[in-house]
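Input: a single structure, listed below in structure tokens.
Chain lettering (A, B and C) follows the sequence in which the chains are written, and residue indices restart at 1 in each chain.
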Amino acid sequence: MSGVSRTFGRRRAVDGVDLSLDAGDCLALFGPNGAGKTTLLRVIAGLLKPTTGSVRVGGRELRSDAAARGQVGLISHQSMLYRALTARENVEFAARLYGSPEPRAAALRALERMRVADRADTPVRALSRGLQQRVSIARAIAHEPRVVLLDEPYTGLDAAGGAALTDMLQLLRAAGASLLLVTHNVDEGLAVASHAAIMLSGRLVRRDACATLDARRYHADYRALVLAGGTPTALGVPA
Amino acid sequence: MTDRADLQPPGVLAAAWLVVRKDLAIEYRTRTAFLSAVVFSILGLTIFYFAWDQSVVAPGDRAPGVLWVVLTFSALLGLQRSFGIEEHDRGIDALLVSPISRESIYLGKAIGNLAFLSAVQLVAIPALVLFYNLRLGQPLLIVSGIVFLAMLGIVAVGTLFSAMAVNTRLAELLLPMLSLPFFVPILMNAAQAGARVFAGRPMSESLAELKILIAFDIVFIIACTLAFPFTLEE
Amino acid sequence: MTSSSFSRSSPPAALVDRPVIDWVLLVAIASVAAVYVRAIAFTPIEARQGAVQKLYYLHFPTALGAYIAVGVTALTSIVFLWLHDERADRLAEASAEVGAMFLLVVMAMGSIWAHVIWGTWWAWWDPRLSLTLFLWFVVIAYLVLRGAIEDPAQRGRYSAVLGILGALLIPFIHLSVYFTDAHLHPMPIVAKPDKPSLPPEMLLTFLLSFAAFTLLTVALIRARYRIGVQRDLLAAMDESGGGA
């Protein structure tokens, strides 16, 4: 995406963000509450129209091209599931929306990857929050998207669920998908990502490749940035 | 980055049908809205029967009026729920992120509501015939046709307003408030035509009303389909 | 730590330079009052209906004002969806409120007139009364919708959609009301006077009244619009200056 910004009334929630991801990349996006991370994610997902700039997937403009949207999967705070339907029905519905050639098989595969296939025929409302989260993740990736957007996906997952998610993310990356992971938890993010970025007051203030980072220094830098809370230039970081 | 070449997102009608099936599956599982609407209809029919002195107004004369009151309120019950289920866990977001068009979402919801309302009427109308001792035959068939035309209009505007109301603070108040002025031309014309048919008068006398009703349906189905994308957060 | 927002910047010009007296509105009210006086004291009493007919000098023009206001709302709704200019949205809001008020007055006057002439406070078989009532429902629904949404962008969008759909609805209500059986019931007493055959003094009063009420409509919409501008400016100041 290039030059993306999103204004709500007079408040600029996202300000001039330029970002690109290659196949197999996983970018962890850190930032304090209110930094604009979720808004940015929603813009990339196509739920919000960017006030300026554009989002492109595989060279195609997301907002206007349905095929581009078909390559994206979104995992967010809300499960986006229908409680009265079973896990399998929910995931199958999603697969059909994207036009998967074999929706039933794709749904089952996704549920298996998230290790929740044994509860496939349970109505979602009967599942615990953690299991619902797993089904929601399965729903998002059933159509094997090329771009996966994740907003605090580890929330609510137990150790087993977290492991299933991490495995799944590796699988997706190996298949060439690009991932954008928004999280508060620096450790969690650094553990799975290939790149890390920090967002502050709507602007992207820093981007690094994880290989070049020392985890402890990064933690300290991040904490300093968040506590200072000032403009990027005031901190001596190029805007 | 290469595309998933084998993904074939459904077209407008196919996507709408997916939404319809999903909504009907949900309703079938819980059945609460359907049963409430049916119970309400029966209750309404019963109350209206006993509300008048039988020697003053014959039940057969009251039947046309009761039919429309019961239809309108059970429609509102069903419409409330149609976007309510999407709001719970933001299922609507999943629909919006997917490649299907916004119009498909609207059409799917509207057709689902039409199916719901028709199912309720399949219980309410026979109940009406039974309680009010109406004769079976051509007039009843024609009135059922008029009911269907009215339902088209009700569902077209009601689905749109349901989408709008669910995003506001006063959702339960707003849906009836917004819908009422729009139901007026539907109900006025349908009820007038229906009353004449019930009274045994020929259809030719009601042509004007029917034309207005059909015109309303066409205009508002198109207008609401076009207006729907504006009701989504963008 | 910054001090309160008012010390950081002076209030915008629009709040300070606003004249204390709204001249346009004053002139409008004065002209309406003048028409009142003329209608009551200087115009002959109509033969068949008596003094209550004089309500008509006010009733008709108020209805016209209401239609102008509602028309403005419908048009600015289209403009807003097309251009996304918040001024169009504010104008739609101002006109809708003025329209709702005028319609209420029209119905009240119509009801009084009906009571004196026909002996009944409400007449479903008078198509114009029904039409006015349903139009009023639409405008009230519009205002309630606006009241239920806090986000200005969403409010503008939703109101505009309702405004346009409402405008589409009016011809259907008009057709329905004029086609119902109800209006074919025999009218107990003679209906309204025919305008073309009015004596010149009455005609003049009518025309003056139309002019005065049109001016009043415009003045009221303008006044209400300016209140909207100030409200929005205050809201913006709160938002930008209020937080730390």
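In this section, contacts are C-beta pairs under 8 Å (C-beta built on N, C-alpha and C of every residue); 3 or more make two chains touch, one makes a residue touch a chain.
On a predicted model such as this, the values are computed, not experimentally measured, just so you know.
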(message) Suppose every chain is reduced to the average of its Cα atoms; which one is closest to the average of all protein Cα atoms?
(response) B
(request) Please indicate which chain is farthest from chain B, where distance is taken between mean Cα coordinates of the chains. (result) A
(request) Take the average of all CA coordinates in chain A, do the same for chain B, and state the distance between these two points in whole angstrom. (result) 38
(message) Counting only Cα atoms for the centres, state how far chain A is from chain C in Å.
(response) 50
(message) Taking the mean of the C-alpha atoms as each chain's centre, how many Å separate chain B from chain C?
(response) 32
(message) Give me the residue numbers in chain B that touch at least two other chains, ranges are fine.
(response) 233
(message) List the residues on chain B that touch chain A in their complex, please.
(response) 1-4, 6-10, 15, 18, 22, 25-26, 29-30, 85, 88-91, 93-101, 233-234
(message) Taking the touch rule as given, give the residues of chain B at its contact with chain C in the complex, in rising order.
(response) 157, 160, 164, 167-170, 173-174, 177-178, 180-182, 184-185, 188-189, 192, 208-209, 212, 215-216, 219-220, 223-224, 227, 230-231, 233
(message) Give the list of chain A residues in touch with chain B in this complex.
(response) 22-23, 45-49, 57-58, 66-67, 69-72, 74, 76, 78-85, 89, 93-94, 96-101, 123, 139, 143-146, 176, 178
(request) Can you check the complex and tell me which residues of chain C touch chain B? (result) 81, 134, 137-138, 140-141, 144-145, 147-150, 154, 157-158, 160-162, 164-166, 168-169, 172-173, 175-177, 179-181
